[in-house]
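Structures are listed in the sections that come next.
Shared between the two complexes below is subunit A, which pairs with subunit B and subunit C, respectively.
After this line comes the complex of A and B, so read on.
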């Protein structure tokens, strides 16, 4: 483990909703103040702030971190923006870790916010400008093209059916029914509901996709000597990793997320994990699409290639299974305010490992968990491993 | 030789034009909604953080200095008079076109407030920092709950 030991000592989040009256600043404040309250700390005990947020276009505010800073407690403090697209939520926690591990700061407030409801007609519109301006945009591409092509390639390579994949959406939306902050929890959803939902770009249907959301999440991170004073249950950062694939999205391995494997191997090495399937007790892989949870489980080396769907079909991925996957309900169920969704996964591990997850609590006292996000131009993998 | 020295005019190369079309639909927020309703009633509110002894205008829902909540008890009426902190006279529009009549813009610290509000200065007057000014509202039927319900500030 590089540097000083770092723990998460507090966490807070807003409800994830389709459209919040709260401004982005107010959302950030709700999450940040709840995180501080959760560990009975005050802002004057915080040395630095990491503020993660995805494209400015979503909130419709340019230089969004500077705009959000009052709500995140950044006034008068060293502050940095975390931004690797959808990977931001997990990356912001990694930035919080290295701020402290380096010895530079003892306490960091990590805040992630997204207010996607500002962006009209749909946040997808902002993504139309990620494509090559002369070679791809004349074709009228949409972000969904990438996912639809990738999902189809993945299903075809391993002979997976739509039903196999839809079970992920069902699991996560049912799990989210137990999350008090969830936007799309549904205890009664079925595979048929997913298969009968509107086709967006084959094979992607409406219920294969996470919603757009407004929300914020915050963590308080601390160096060991502070963490032990603040709480008797610090949750330690044991490993981190991140890696970037090519920006030429057509050239990636469509059936396997190499960038996730590279990030995971770094994190496992740092955490001294030799057999991840035995040593990881709970996993929160990034699930903006149902197939993507399967994809990422394989990249995380927690399932053989093409076999992640079996974990779901056999119930191994259920909350009471041998490898609980996305017990929070994930992006598909809790919602997807991009950067906040990634940090929600880290917060879920914090609550699960402390036995504070309420109705969502994974049985058997899990001691180590992994959260992963995916982003930039669908090319970055970010991984964090926490333990108690 | 750098590219810029070789291409003197855009029409010398084949260019692809693109526009980013996005519309923002914003909410004023929990504190913002109430603050704008106050303007509609002809009142300017602030919120005071008792811990930091700082009064925000427009009213905020939290104190950025301590992250404490600014709830019901924090709301106080400020102004309508105040002091001009700084001013400018604007002669060109953002696109560089000259304005037919220059606009005066000021920073006003309302009586009872610590924070400073930016708004129009009304009247063809000489402005100077430190002078006393007063808020001028639209007539009540014309108010819609917007920052423009306040026409600006006039010299006292």
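After this line comes the complex of A and C, so read on.
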């Protein structure tokens, strides 16, 4: 393990909604103050702030972290923005870890906020700028294209059906029905509902996709000597890893996320994990689309290639299964305020490993969990492993 | 855990549409003129002439499209231009029924990644397929991953040195 031991000691969040009355600053404040309250700390005990937020274009505010900073407790503190697209939420927790592991700071407040609803007519507009300005944008692409292209490559390579993939959306939206912050939890949703939903960009249908959301999540992280004073249940950061694939996405094999495997291998090595399928008790892979959860489980080496759907079909991925996958309800169910959604997955592990997840609690006292996010132009993997 | 969740109420679409809440609109005005760069500049000039071209790195042997003046794998300059065919293989495709702002399209679009003949295996570009049907059903019956396709070019006089000088790729075989 590199550097000093680091623990998560507090977490808070806002409900995720399609359109919040609150501003981004106010959402950041609600999450940050709840996180501090949860571990009975105050802002003057925080040494530094890590802020994660995805494109400035959602808010139409340039230098969004400077704008958010008053609500995120960053006044007068060393503050940094982490930004790796959709991978940001997990990456912000990794940044919190290395701020402390390095010895530079003892306590860090990590805040991720996203307010996608400001952008009209649709926040998709902000995503049109991820495509190459000369060779791709003249073709009039939209964000769904790249997901649909990747989903088709993945399904075709392994002969998966729409039904195999839709079971992920059903599992996650049902799990989210037990999450107090969820936007799209639904205890009664069925595979037929997903298969009968409107086709957006085949093979992607409406219920294969996570919603656009507003929301914020915050964590308090601390060095070991502080963590042990603050709580009797610190949740330790055992491993981290991140990796970036080539920007030339049309040159890649889209059926397998190599960058997630690279990130996972780094995190497993750091955590001393030799057999991830036995040693990881809960996994929160990034699920902006249902097939992505399967794709990422394979990249994380938690399923053989093309076989992740079997974990879901056989109930192994259920909350009471042998490898609970996305017990929170994920982006598909809780919602997808981009950076905040990634950090929500880390917060879920914190609550699960402390036995505080309420109706969502995974049975059997899980001791180790993994959260992963993914983003940029389908090219970044960010992984964190937590344990008690 | 519920104690640490702030209960955002959330606005309904009607609240905004019917003016129940105050809103202000600030359009962003910014226009950009992107430089094509050295590699893609040459690529665009070749498109105007009705040709596809790639770049070879002699260290790893890859022939790359889109072309680049440096090899991101070997991290050294690439060495030479390589003429490519205007045929290729569909690596993946979608049938898209909506625009970026979620409006319905009358005729679906068929974006695809096409591996270009003459480049290294798996080296593709994004483009669209055409002559493959007008409805979802027709298109899904016609298009397959692995299908061979060929570029359909604009007439020489209409080309302007853009990726859209290729109108679309159409199936090679029946």
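The working rule: the second predicted complex is superposed on the first by the 388 of 388 C-alpha atoms of A that agree within 3 Å, B and C clash if a C-alpha of one lies under 4 Å from a C-alpha of the other, contacts with A are read in each partner's own complex, and residues count from 1 in each chain.
Everything below uses one rule, namely that a residue touches a chain if its C-beta (ideal position, glycine included) is under 8 Å from a C-beta of that chain, and two chains touch if they have at least 3 such contacts.
Not measured: the values here are computed from a predicted model.
Participant: Between subunit B (first) and subunit C (second), which does A:275 come into contact with in this model arrangement: first, second, both, or neither?
Facilitator: neither
Participant: Does subunit B (first) or subunit C (second) touch A:139, or do both, or does neither?
Facilitator: second
Participant: What is the contact status of A:181 with respect to subunit B (first) and subunit C (second): first, second, both, or neither?
Facilitator: The second partner, subunit C, only.
Participant: If we overlay the two complexes on their shared chain A, which of subunit B and subunit C does A:73 touch? Say first, second, both or neither.
Facilitator: After superposition on chain A, A:73 lies in contact with subunit B alone.
Participant: Please tell me which partner, subunit B or subunit C, touches more residues of subunit A.
Facilitator: C
Participant: Now for A:121: first (subunit B), second (subunit C), both, or neither, which partner does it touch?
Facilitator: After superposition on chain A, A:121 lies in contact with both partners, subunit B and subunit C.
Participant: In the overlay, answer first, second, both or neither for which of subunit B and subunit C A:23 touches.
Facilitator: first
Participant: Do subunit B and subunit C land on any of the same subunit A residues, and which?
Facilitator: In the superposed arrangement, which is not itself an observed complex, subunit A uses residues 19-22, 60, 120-121, 125, 133-134, 138 for both subunit B and subunit C.
Participant: Within their complex, state which residues of subunit B touch subunit A.
Facilitator: 16, 18, 20-33, 60-62, 64-69
Participant: List the residues on subunit A that touch subunit C in their complex, please.
Facilitator: So the residues of subunit A touching subunit C come out as 11-22, 27, 30-31, 34-35, 37-38, 60, 120-122, 124-125, 127-128, 132-136, 138-145, 148-150, 152-153, 156, 180-181, 199-204, 214-215, 246, 248, 250-254, 351, 356-358.
Participant: Spell out the residues on subunit A that touch subunit B in their complex, using ranges where they run on.
Facilitator: Touch residues, subunit A against subunit B: 19-23, 25-26, 29, 32-33, 36, 42-44, 57, 60-61, 69-71, 73, 75-76, 117-121, 125-126, 129, 133-134, 137-138.
Participant: Provide the residue numbers of subunit C that touch subunit A in the complex, in ascending order.
Facilitator: Within the complex, subunit C touches subunit A at residues 1-13, 16, 21, 25-26, 28, 32, 34, 36-37, 40, 43-44, 64, 66, 68, 72, 91-102, 108-109, 111-113, 122-128, 136, 140, 145, 162-164.
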